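Each of the two complexes below includes chain A, the first together with chain B, the second together with chain C.
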Partner chain A sequence: MASRKKILLKVIILGDSGVGKTSLMNQFVNKKFSNQYKATIGADFLTKEVMVDDRLVTMQIWDTAGQERFQSLGVAFYRGADCCVLCYDVTSPNSFKSLDSWRDEFLIQASPRDPDHFPFVVLGNKIDLENRAVSTKRAQQWCHSKNEVPYFETSAKEAINVELAFQTIARNALAQESEVDIGHEFPDQIKLSNDNKAKQDACSC
Partner chain B sequence: MINLTGVENKVFRYYAIYARIYLLPRVAACDIYVICIIAVYNGVEGYVRESEGEEDVAELFHSLNGFEDLEPGYELLTKKGMLAERPSVDRLLPLTHDDFQQFVDDDGRVLDVDLLKQRIFKGGIHPNLRRELWCFLLGHNHWNATYIQREENKREKENLYFTMKQQWKTITLDQESRFCAFKERKSLIEKDVSRTDRNHPFFEGEHNPNVVLLHDILMTYVMYNFDLGYVQGMSDLLAPILYVTQNEATAFWCFVGYMDMVYRNFDMDQSGMKQQLMDVHQIVRVVDPELMSYLEVRDSANFYFCFRWLLVRFKRELNYTSTLRLWEVIWTGHPCPNFHLLVAVALLDTEKNTIMENKFGFTEILKHINDISLRIDLESTLKKAEGIYLQISKSNNVPDSVRKLLGLPIQEPSTSHKEEVVQEAQLLTSDEDGSLSGGLVGVVSSMIGSAVRHLSGDDLTTVSLEAVSSTEQEEAEKKFETALSHQFV
Partner chain C sequence: MEVELPTEYDVIVVGTGFVECIVAAASARVGKKVLHIDKNDYYGGQWASFSLQGMEEWIEASEQQEKANETVHDVAKGERTLLTCNPMRAHTNIKRTWHIKKESEMAPAGKTSLSELRSQDETGGVSAEGSTKEPVADNDVSVDAKIPSRQESETTSTCIDLLSEMKSQDEKGDIPSGEDTKEPVPVNDESVEATVPPSEPTDKACTKEMEEVESHTEAVEVVESNAMGSIKEENSNNVPTDESKEIRCWSQESLLKQSRRFNLDLAPKLLFSRGPLVELLISSNVARYAEFKCITRVLTWVASGEDIGELVVVPCSRSDVFTTSNVSLVEKRLLMKLLEFCHNFDQHLEELEEYDNKTFIEFLKARKQTPNLIHFVTESIAMVDGNVSCKEGLEKTKLFLTSLGRYGTTPFLFSMYGCGELPQAFCRLCAVFEGTYVLRRSVSSIVLNADNACSGIISEGVCFKCSHLVMDTMYAPHQYIPVSNASTSKSISRGIFIIDRSILPNKTEQLTLLRVPVQGRNLKPVTVIEVGIGAGICPKDLYCVHMTCEGSDAEEDLRVVAERLFAVEETSVGPRVLWSLYFNQLDLSNTDTMEGVPENIHLCSGPDASLDYDTAISQAHSLFTRMFPEEQFLPRAPDPEEIVFDNAGAEPKEGDNFGSEECPKQNEERGSVDNANTTHNEEAESANYSDKEDTKNTNSGTQRNVSESEDITTTNEFNDTVAS
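This part shows the complex of A and B:
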């Protein structure tokens, strides 16, 4: 049965440069924090096995570069994502404002089957800092407006809420993955136009 | 052993015939589609019947290499082992101060620049001579300048640097609040310098003045080239230069010289990076068709896993000592332009067995490539890269695109084949838009892919034939582009 097979959940972390994507990933996977992580170039990922209810799943967490111009290469990494984590820095209003464009860009590039119900999770990071500039309320309103996206306020440095947030990420990704599985029970249909086209476009070579 | 000649022939023949017939008119895609299914399915059946065990996979890939050169309409099969043998190469010890003196006249002019560059390429530069020679290699000093002229130049450029530095230094916070573009650049720089090489003794510790210098130089570069501004990766390129030159203004101008070489890496639309990934693709196709087939089958022919290598010229892959060595070698422009691409190809060659034996897919390849960071032996990689260059330069059947990349003379079109291709392509594009025809070829070949996927139910067969289709598609697109550029000429 499908429930017996090994489950891999692909999670993409997006957000402006310096909001703490790499730190969040490392805090969750390695339980470590360093303020010396270099700016991510290209992409990298870490994996971690977690229990969701009573199922063991492997999370593959992708960390990408945050500067806008590197997004055009993101498509290779977004493909097949089960959950997208949008991060901002609670001390940086601009990074909060960018959430819209990160979300849109992801939906365009990853083109999930059901964009309205694709699982996003928003993390407001760096709550250990004192110069907070984005209120909880404002962030919650945004999440509410995007179809009740779950919202967590985290500190990768102090390991606050990181575990909890990733539990939710795993759970929602798994729910997404199961839905996709059901869709897969039928043999793949051969599509003549759009899908093939999309595949060609995806390859830049 | 399986013999795939039958499959190859069948797939090729049907593809060729129908691509040729249907390329010109805009026919209903279904027609081609059905025909392709039949053609491919016949071939697949043959394979499935004859296949025995997994060890045949490599054989299968190998035998399918022939499809790489399929033109829309005709032509078949590459010549195996078409490259000359790869020679083994020696490297020299780093250039010392005494060595260098032999290249310099009494007034300080460098006499035989080309020979000196060759020498640097072969062995790099001794650390105590680096500061002086990097200024030449990065265009801060002219090779034929005398000691006196160099001093003058240094003073002038220092003044210019501090003038530009004053420009951003005097922008007040109030001004900044109405100067978004400036503020964005500043904020990115602040974030990045605080996490650039902080493990290196030169930049470590809180309140390190060298980190402030990194910041100031990058901010001044923003004033020097506001349009490009600051892009991630630049701080990685600057840090070793500052470390070597140990002088703010000198580091700035050397950085300017470096940026002049690599600014396309930071294009807004990333076209410079995409081009280089395609260039690596082109070279690997020639140097190692087996690896190329493998990567295509594994959906990895986009070479994204080389992105970091190319963006910051292997800075994240090597320790400082090796980074400095590699960069000065690349800056010489010897033995060819784009030598850094050959370094990438050499590294892939080294990792090829690990990748293929473990049957890595795109994800695992990326992980593996990221993980070999700091475990790379630079000298052997440089030897291999130079060997690959010599190998290509001695070979006859290297496509012009690759020859051009490496600054090799374009060969006379000795084979009439190439002209035919161009003519054919021109014919095809004469009443139809070229990209449309190319696109149609792509559609046909990806349909072959999905048809096989659907009918065979056999992963092995699926991936193998997918490789065929995507290669064909790329080749076809390339040919049309070639044809188009010929038309303009």
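This part shows the complex of A and C:
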């Protein structure tokens, strides 16, 4: 078990445009919220280190970069995800209805080894708004029907439940990570970087 | 919430091939408004990677001749439209063959002769020629345990039926997974090992097999026999000829069940570790969207005698040269000296004067290289015909050597999950910089104004305006790229094979590059790439072999190499082909795509036959420069940590400091990242950007801070690893 290895968890956030995916990320990582809606720009992925049961893990949270607007997320986006966060807007019944298709899309594209137990987390965002249209009960039922997916009601604007939700995301992703260590028999994949840590010791003579 | 698609853009890009994606990313990166559109539901066009099922669908789509969309769209006065073409015209001679049976055709529980299982050629193709003809010697191998337990389901469906069945499964979210133990996959992971009781866990059987191979490999190394023993001989000598233990009884269904574990490339290519693509990925920061694996060995085929050759590992690095059993001690010294010289040949130009008009081979001979070594150097390191000029040979050799040791022991990288990931990486950058992505949307025609300049496109009845149109040549109206013209131009022959073991088994999984030279009956140099689960290309225990050469008849061009590499007869040892696909791909990389084409239409060619991406990179670069001569090509994108979001409602700040300084170290040689343990390196990269002006903050409402630049050490890996 490669427990000494630096742990990096890839978390992807899915959901209809405008449900607050970028805001949730930004609230969790930067503790910031912007009221101006901009179809996701510049938002790529954010990283944050969190402690999960005494283990330091780095969460890398990937935004859709707006490619979800016309259902054009490529398979590359889904590669290697350790957890999938499904978001909807509690004031938008349509965004709730879309959860099914986002979940299916994830399962098809990412094709996790054990689809029944892959860690999803559902976030019902914008509970600070008054015109709520999807009841907690309805959302909970849906989560129950999908093999007890954890459910949180959040407000990225008022920082309600965001921290808690991402803690759960990290924990469940970590559990997933240690269970499926398929890659361990092969050398790790290479990330190209302009790294200055040259292997000076390669030459022993 | 359904969003309306805006209708005015600076750049519209049609097709998501590699060149188009780079141009799209580069345009968005400098603040242009980009619409990127593709009629397919996948990225990559001619550069795509597919699941097995996806590939089957691609084959099916290529057979359907699309009716031209004749609906005339009203355009403004003085404007006219030209119909676009179906990009599938790039591919011809498509021939897919299943060499294994459907479950319904497999014999029910009982004795099944191996030959029946081995090959079943639906289309009557010749790729597994002769494979069923011979009676099998060991046909008493019982396959009882492996016969599908769901015979009763009467799978009489055709392959297509099966596909749709799987598709509907997919839609229900019921993902077929080969690893799912509950599944009644016939022989999914079971090893038909005669010597191991059927209940023996697979893994153990596998390990056992591995160990055998391992010890056998070591044995060969220790003996250091007079050069390369044929792998086939080795097998017959050292490994029990009990070939049956390696036979897993795959059915078409069991392969398709694992469809998504396959990532099969239409255009497989490698990256030189110090080639232009790697440098571009790093300098633009697109590298963060992609992962790579090192090619772990370079093989060559050394002919001995008539037509039978043998596969041997080419010693690349210093340690390879030391440990190889394929060259003698004397040769090792010679080779080492030669490689050292080649690596620094430009410092010894005076020594080379006498070879000015001589060939590379003449130079090698003068350096007292043995025929064995000359073969290695020309075929596998320089990868040239020996008759090229001395200078070209040296340059190619140097390219190979300088790329060594940066990431691994060979100079090459392969994109994880297939080469189709790379176009998507550039698309991601484009999207992050506000590019709009729309798949599954066809473009029926382009609109030309009275001055014969392109003013936009028509897609599903809507007109989209643009200043520049970037387009895959295959989409382009036939007035620009006539099919007849295309048919006379160059073509690439491709072969994809799913096989049940490596072409040269090793104790650990290898990623292999093999160049088969022109020799004997093989008339064209063929590039062979073998990848497996390690690169995310195949399910466990299977390998994918890609063959590429220039030519116009894929099956014929690749026949000899396929026959040599794969077991074509029942009795022969070697990988069995389970599935194969041949096709030809038009190569317009050298075609003039500007003549007669309006100045603001920029056509991108598909892949060429070469091993690397150099042509695509330089084409993308020159197209971009033609469009925006004042702009920088893919300056470094900021790291996410550098983007600090403002407080609520803040207005975008003008003149943020991102990229405002010139970095003098831009072209300095970069330090090496030698190994795999740097996978998740999150440390700030040295900031090598040189934006002349900030081009990207007008709209973003974000403020970007730049991390401190780090010093870069200059190293010379080759000297580290090879020279002393």
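Here, the second predicted complex is superposed on the first by the 166 of 205 C-alpha atoms of A that agree within 3 Å, B and C clash if a C-alpha of one lies under 4 Å from a C-alpha of the other, contacts with A are read in each partner's own complex, and residues count from 1 in each chain.
Rule of thumb we're sticking to: a residue touches a chain if its C-beta (ideal position, glycine included) is under 8 Å from a C-beta of that chain, and two chains touch if they have at least 3 such contacts.
Note that this is a predicted model, so its numbers are computed, not measured.
S.K.: Does chain B (first) or chain C (second) touch A:S17, or do both, or does neither?
M.R.: Once the two structures are laid over each other on A, A:S17 reaches both partners.
S.K.: In the overlay, answer first, second, both or neither for which of chain B and chain C A:A133 touches.
M.R.: Touch partners of A:A133: none, neither chain B nor chain C.
S.K.: Looking only at contacts as defined up top, I'd like to know whether chain B or chain C touches more of chain A.
M.R.: C
S.K.: After lining up the shared chain so the two structures overlap, which partner does A:A175 touch, if you call chain B first and chain C second: first, second, both or neither?
M.R.: Neither partner.
S.K.: After lining up the shared chain so the two structures overlap, which partner does A:A159 touch, if you call chain B first and chain C second: first, second, both or neither?
M.R.: A:A159: touches no partner chain.
S.K.: After the superposition on A, what does A:N30 contact: first (chain B), second (chain C), both or neither?
M.R.: second
S.K.: Check whether A:K6 is in contact with chain B, with chain C, with both or with neither, and answer first, second, both or neither.
M.R.: The second partner, chain C, only.
S.K.: What is the contact status of A:G74 with respect to chain B (first) and chain C (second): first, second, both, or neither?
M.R.: Touch partner of A:G74: chain C, not chain B.
S.K.: Under the contact rule defined above, give the chain A residues that sit at the interface with chain B and also at the interface with chain C.
M.R.: In chain A, positions 17-18, 35-36, 38-39, 41-45, 65-67, 69-70, 72, 76-77, 94, 187-188, 190-193, 195-197, 199-200, 203, 205 sit in both the chain B and chain C interfaces.
S.K.: For the complex, which residues does chain A have touching chain C?
M.R.: Those in contact with chain C are residues 6, 8, 16-18, 26, 30, 32-36, 38-39, 41-47, 58, 65-67, 69-72, 74-77, 79-80, 92, 94-95, 103-104, 107-108, 111-115, 185-200, 202-203, 205.
S.K.: So in the complex, the part of chain B that touches chain A is made up of which residues?
M.R.: Listed in rising order, the residues of chain B that touch chain A are 29-30, 33, 184, 187-188, 191-192, 194-199, 231-233, 235-236, 266-270, 273-274, 277-278, 281, 301-305, 307-308, 311-312, 316, 362-363, 366-367, 370, 439, 442-443, 446-447, 450-451, 453-454, 470, 473-474.
S.K.: Looking at the complex, which residues from chain A come into contact with chain B?
M.R.: It is residues 17-18, 35-39, 41-45, 60, 65-67, 69-70, 72-73, 76-77, 94, 187-188, 190-193, 195-197, 199-200, 203-205 of chain A that touch chain B.
S.K.: Across the complex, what residues on chain C touch chain A?
M.R.: Touch list, chain C to chain A: 1, 3, 5, 42-43, 170-175, 177, 179-180, 260-261, 278, 281-283, 287-294, 405, 407-408, 413, 416-417, 421, 424-425, 427-428, 431-434, 436-441, 509, 533-534, 536, 640-641, 643-650, 670-683, 685-686, 688, 699-702, 710-713, 715, 717, 719-721, 724.
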